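Next up is a structure, given as structure tokens.
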Amino acid sequence: MRQDTKMPAEAKEFATAGASPANAAAPGAAVSIRGLGHSYDELAAIEGLDLEVPARGVLGLVGPSGCGKSTLLELVSGLQEPSAGEVEVGGALDPAERLARCAFMPQRDMLLPWLAAVDNAALALRNRGVRRGPARKEVERLFERFGLAGFERSRPAELSGGMRQRVAFLRTLVSGKPVLALDEPFASLDAITRAEMQGWLAGALAADPRTVILVTHDVEEALYLSDRVAVLSARPGRVVEELSAPAPRAADRDAAVTDPTFVAVRERAMEALHRGSR
Amino acid sequence: MRQDTKMPAEAKEFATAGASPANAAAPGAAVSIRGLGHSYDELAAIEGLDLEVPARGVLGLVGPSGCGKSTLLELVSGLQEPSAGEVEVGGALDPAERLARCAFMPQRDMLLPWLAAVDNAALALRNRGVRRGPARKEVERLFERFGLAGFERSRPAELSGGMRQRVAFLRTLVSGKPVLALDEPFASLDAITRAEMQGWLAGALAADPRTVILVTHDVEEALYLSDRVAVLSARPGRVVEELSAPAPRAADRDAAVTDPTFVAVRERAMEALHRGSR
Amino acid sequence: MRRWLPPALVLAALIGLWQVAASSGLLASVLGLEDFLVPSPAEIASSLWENRSLLAENAWVTLQEIVLGFLCGLAAGLGFALLLRLSGLLRRATYPLMVASQAVPILVIAPVLVVWFGYGIGPKLAVVALVCFFPIAVATADGLRSVDPETTKMMRTLDASRRQLLWRVEAPTSLPFAFSGARIAVAFAPIAAVFGEWVGADSGLGHLILQDNAQLETARVFAAATVLAVIAIALYGLLAFAERRIVTWR
Amino acid sequence: MRRWLPPALVLAALIGLWQVAASSGLLASVLGLEDFLVPSPAEIASSLWENRSLLAENAWVTLQEIVLGFLCGLAAGLGFALLLRLSGLLRRATYPLMVASQAVPILVIAPVLVVWFGYGIGPKLAVVALVCFFPIAVATADGLRSVDPETTKMMRTLDASRRQLLWRVEAPTSLPFAFSGARIAVAFAPIAAVFGEWVGADSGLGHLILQDNAQLETARVFAAATVLAVIAIALYGLLAFAERRIVTWR
Amino acid sequence: GEKSEDGSTETEPFSLTLDFYPNPDHAGIYMAQKLGYFADAGLDVSIQTPSDPAAPIKLVAAGQTDLAISYEPEVLLAQEQGLDVVAVGALVDRPLTSLIWLKKSGIGGVADLRGKTIATAGIPYQDAYLKTILARAKLTPSDVKTVNVGYGLLPALVGGSADAMLGGFSNVEGVDLRLRGKDPVVTPVDKLGVPSYDELVLVAKGSRLGEDPEAIRLFLAGLARGTAAAIKSPDATAAALLEANSDLDPKLTRAELVATLPLLSKRGFMDEAKWKRFIAWMRENGLISAPIPISQVLSNAYLPGEIPE
């Protein structure tokens, strides 16, 4: 554990996960995307993308459905190779190294049906060689705060859509990698639960900063959680506008999102989104 | 086709689907839920629910994740049998009859991987005995408006999350049944596409009214599309509050949702949601 | 209980019909099956009873061959499937040989088996294992390949090593396939044991069948075959039960 | 091309080693395999060449038995799997009989087959079909059962009839399983044909093997076995190819 | 096996591979085993039963078994194939292979076989028997339909799918049919124009004979005693057979035994002249190409001088 004992609860929880070799290797890796393009056969999904995410920075990505957000995250995480341009993560261009630095949360939860919720959440730890007992303890502590208490032993088929998504989110966090690539982590959560999770993430990032690329459909969410927000155009995805958030991860969320400047920026983002959606 | 030729475009599109025997049989069936409860083994998902949806009425359902919304929709559609209470759809209590009257859109898209997008969307028509050619034509006309033009022949694996969801939505609509049970139909759509789809649905319902039960996480969406909105409590799901929407499916969406009364109701709904989330 | 009723009834009905047809000479007149070709159920039953000890002895021998041979085949099949999965080259290189090995009549290699394993249980195990190995290997290999690529991506981004991917994802995914293969294999095993015994044996149901066939002891031949069938059904049921216990997430 | 290289190389290597060992007497001294038990590749090759027309004739006969028998077994297996799927009662009632049918040595029912089908291609088809039927039926039935219940719900709410559910969802889902079963079946088919010919035949590779074996014509026995193996590999490859063409969504 | 002073006998393991499953042809062997004649000779004999009659001769040539029971034609074919095997004694010194049909079929003689179906065991030299037999009745193989039924000879004939069968033994299948009241017409092939031959012979590996022939000698002596004992007391022999092979049918076995005992060769002597005639016939029928020097295939040198008591 790198963190000292004075940090807030969230931090501690998050931190243990943070104690991974990959993370130690590259404390908060920066991500830079240069002239990135990708096509599936004839179909150009994204084109000429340039984006910079400083180490420990949070980039929000919003854009019309089908503009290539998920594709972009897979390219960054080294799960696919771009057909043009390059991605650098923590100084590494090599896909394998990028893969080692990035934790990618897919849009569909991809929980393993034969594993209980805890074991699904603990997958990353188990892969890192942690024994089952400790790994379970590790994640079970978070089940409470994620509103999953009592479902530790449930199979994915016995969970609701939102519960599944939270398990998948948890699974990604505890991987403790320096870069988090989150694909709509809260899409199937109701307003309240969603606000809770946002708050939790904000707190956790404050205690133990990571580089985060957050794809979301909720402009407000993007602006609240991110330092900067990139608005992408319709396929092929290009950057229409990049805005910096007025009050990233402010302590009082409700106050922050109702603040006039915040609302103004949100309007601009929406307007850009409109432009991008042709 | 029951509709005359003077109705708006959306209507026509929607209508053809409407020309289904089930629909003809029960023009806009009313749904009434009495003392409904359901448990999975020990776990009580919902308890003592009472809800009324008039024929051609739209009921919005919001509630904390895991409170039993999806379960409720399955109970209404006759896909599961309640452990307590009863559901009546268009005067029928018998699950088989309810199944015949309800079109249920599941939370996960459940597209068939071996069918092209069009054929997935046309499933309901094919099941109703429509030949492949006409069925495809039928749905292809809607692909354009759903922003799926060019992906008619793509396999689900080649579609983005939002595109998959739109195909699933389309698949449910063209079933042309009197009752639509929609489980977060727009959860993975960006703000713009989502607004478009909402507008489309509003127009379609205006031209060819259906009874709709709409589960969503977006209170605004619920209030804009529904006549009444029920806010459910955390598991076991009970009705915390039922509100009637100020301007259901108003022509000018942006105006409607920014109107002070609308905002006020939204606040009340949020507040109820808070209460329900213990 | 209710699960056993239907098969029991059907079986009873069939046997009843057969008996009636046999005793009323219908089989002979209509189907041309004289009783030294196909004895009546009654004859088979009495033969089963009269020769119970003889059948039991030989059945015990054959059962051992079946079970041990099956276990060898199972181990080999699963192991081979894993190897095939881990190396595409190996897969392409050895798959044809694997298929070819199933097309060689035992008669052809019988002397070799004797030279290598003598007249003991060795050659029988070899034959049973050879037969069981194949369906298990093929089915399991197919199962290992059937993992959703999205799931693989998920595991890779969680730093899963090849081995972890294999054990945590591919193996569980392939389990139902492996059981299909195993059930197919165990149904073929009794026949395999019989052929194994024809390589050279002085006991076992296969030995008995050949001996009795030479003596036109048809009733006892069918009695022995009945015992074989019962063994097959029992083992198949056992596997199906194990499957229900192990594959709980479907 | 590259896909064929590895197996070809491996095969060549094995045969080479075998030849060397044989000609240097290693096989005899180490493995105790004298050339009248296992002829050297060279001998087999020359026998293949010298007897090419004889082998071709008989191979053609056996190939017909294999292909037609397999097709019958395929039809029966798929049909049976569908039936099992549609009626749980039927399933429980007939499954044990299906398993039992695989445990009965052909020798036992050979006379019956002859009485019913005579000495023509009939009994061979029956035997091949009986063997092929089982893996296909089991694998397909398992495939039909493996549909995600959520998908079934989706279809039911879209007013799918039982038949539509079967054809639009369950059948496609089971295709990969069915192909597993079919590939297993086609690998067993040649052996089945050989045994079918031992029921009674005046031509075919099985007949030839029996004759040459009695004649101590070991080289030609192995030549015939080689042809069998080649047939098996060819048919297996054919099926694998068809699978890649048909199951495109995996 | 010389007796050691404490009286216990040192026995040397000796393996015999039968031609097929145990039957009355092996009466002498089981008798000798039962009465301990082999043990007296210092041999601990183990008996193997294959199901493929062509296998034993290969195994003996491969040195897998000390002695094997085979057939004269098989021995000659083995020579042709260059297998190092020598016949060291006859178990049955005349043909047992017979042409069998049922009286009820109304077949009066070979001539009536025209257009009939004949079941064979699919063994080429037996097909040659048929050719010779038919030729004597002015028929050619194309005048009849032959079908190879492998192990299914009896069912084929009794089931009516064949009118006659060639390959069954007069003392086994023949007796079996009679016992079942099928009143068969059984004619050994040497009565139908095929030169006589020794149906069942004991074969050893040539090189082995060179090295230590003693065990073979001892075995053949023991066997001769056993055969003599068998002929003297058929009932005891039946008992011995059934005891050793619980799956034999007692009634049938006794009947077969009665028919077999007179056919057993008492000393195992093989008549070279008879063999020469058969070799000639094999060559005429293209079953073997090169002439085979008689000294290579058989040797009476290991037989007991006179039957020891």
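In order of appearance the chains are A, B, C, D and E, and numbering begins at 1 in each one.
Here is the rule we go by: a contact is a pair of C-beta atoms (placed from the backbone, for glycine too) under 8 Å apart; a residue touches a chain by one contact, two chains touch by 3 or more.
The model shown is predicted, which means the values in this text are computed figures rather than measured ones.
Asker: Tell me, which chains sit next to both chain A and chain D?
Answerer: Shared contacts of chain A and chain D: B, C.
Asker: Measuring centre to centre, with centres taken as mean CA positions, what chain is farthest from chain A?
Answerer: Centre of mass proxy via C-alpha means gives E as farthest from chain A.
Asker: Which two chains have the greatest number of C-beta pairs in contact?
Answerer: C-D
Asker: Using mean C-alpha positions as chain centres, tell me how far chain C is from chain E in Å, no decimals.
Answerer: So the centroids are 36 Å from each other.
Asker: In whole angstrom, what separates the CA-based centres of chain A and chain E?
Answerer: 85
Asker: Just give me the whole-number Å value for how far the CA centre of chain B lies from that of chain C.
Answerer: 52
Asker: Measure off the straight-line distance from the CA centroid of chain B to the CA centroid of chain E, and report it in whole Å.
Answerer: Going by mean C-alpha positions, chain B sits 86 Å from chain E.
Asker: Please output the residue numbers of chain B that touch at least 2 other chains, ranges allowed.
Answerer: Residues 108.
Asker: Tell me, which residues of chain E touch at least two other chains?
Answerer: Residues 52, 58, 62, 64, 151, 155, 159-160 of chain E touch two or more partner chains.
Asker: So which bits of chain D are touching at least two other chains?
Answerer: 32, 37, 107, 111, 115, 210, 213, 250
Asker: For each chain, which other chains does it touch, given as pairs?
Answerer: Final set of chain pairs in contact is A-B, A-C, B-D, C-D, C-E, D-E.
Asker: Quick one: which bits of chain D touch chain B in the complex? Just the residue numbers, please.
Answerer: Result: residues 148, 150-151, 153-161, 164, 168-169, 172, 248-250 of chain D touch chain B.
Asker: Sort out for me which residues of chain A touch chain B in the complex.
Answerer: 40, 62-66, 70, 107-108, 147, 158-163, 166, 183-184, 187-194, 217-219, 270, 273-274, 277
Asker: Show which residues of chain C lie in contact with chain E when the two form their complex.
Answerer: Of all residues in chain C, those touching chain E are 32, 34, 36-37, 54, 57-58, 107, 110-111, 114-115, 119, 197-202, 207-208, 210-217.
Asker: State the interface residues of chain C toward chain D in the complex, per the touch definition above.
Answerer: Answer in residue numbers: 3, 6-7, 9-11, 14, 31-33, 37-38, 89, 92-97, 99-100, 102-105, 107-108, 111-112, 115-116, 134-135, 138-139, 142, 146, 176-177, 179-181, 183-184, 187-188, 190-191, 194, 206, 209-210, 213, 221-222, 225, 228-233, 236-237, 250.
Asker: If we count contacts the way the header does, which residues on chain E are in touch with chain D in the complex?
Answerer: Touching chain D from chain E are residues 52-54, 57-58, 61-64, 74, 77-78, 80-83, 117, 119, 121-125, 146-152, 155-156, 159-161.
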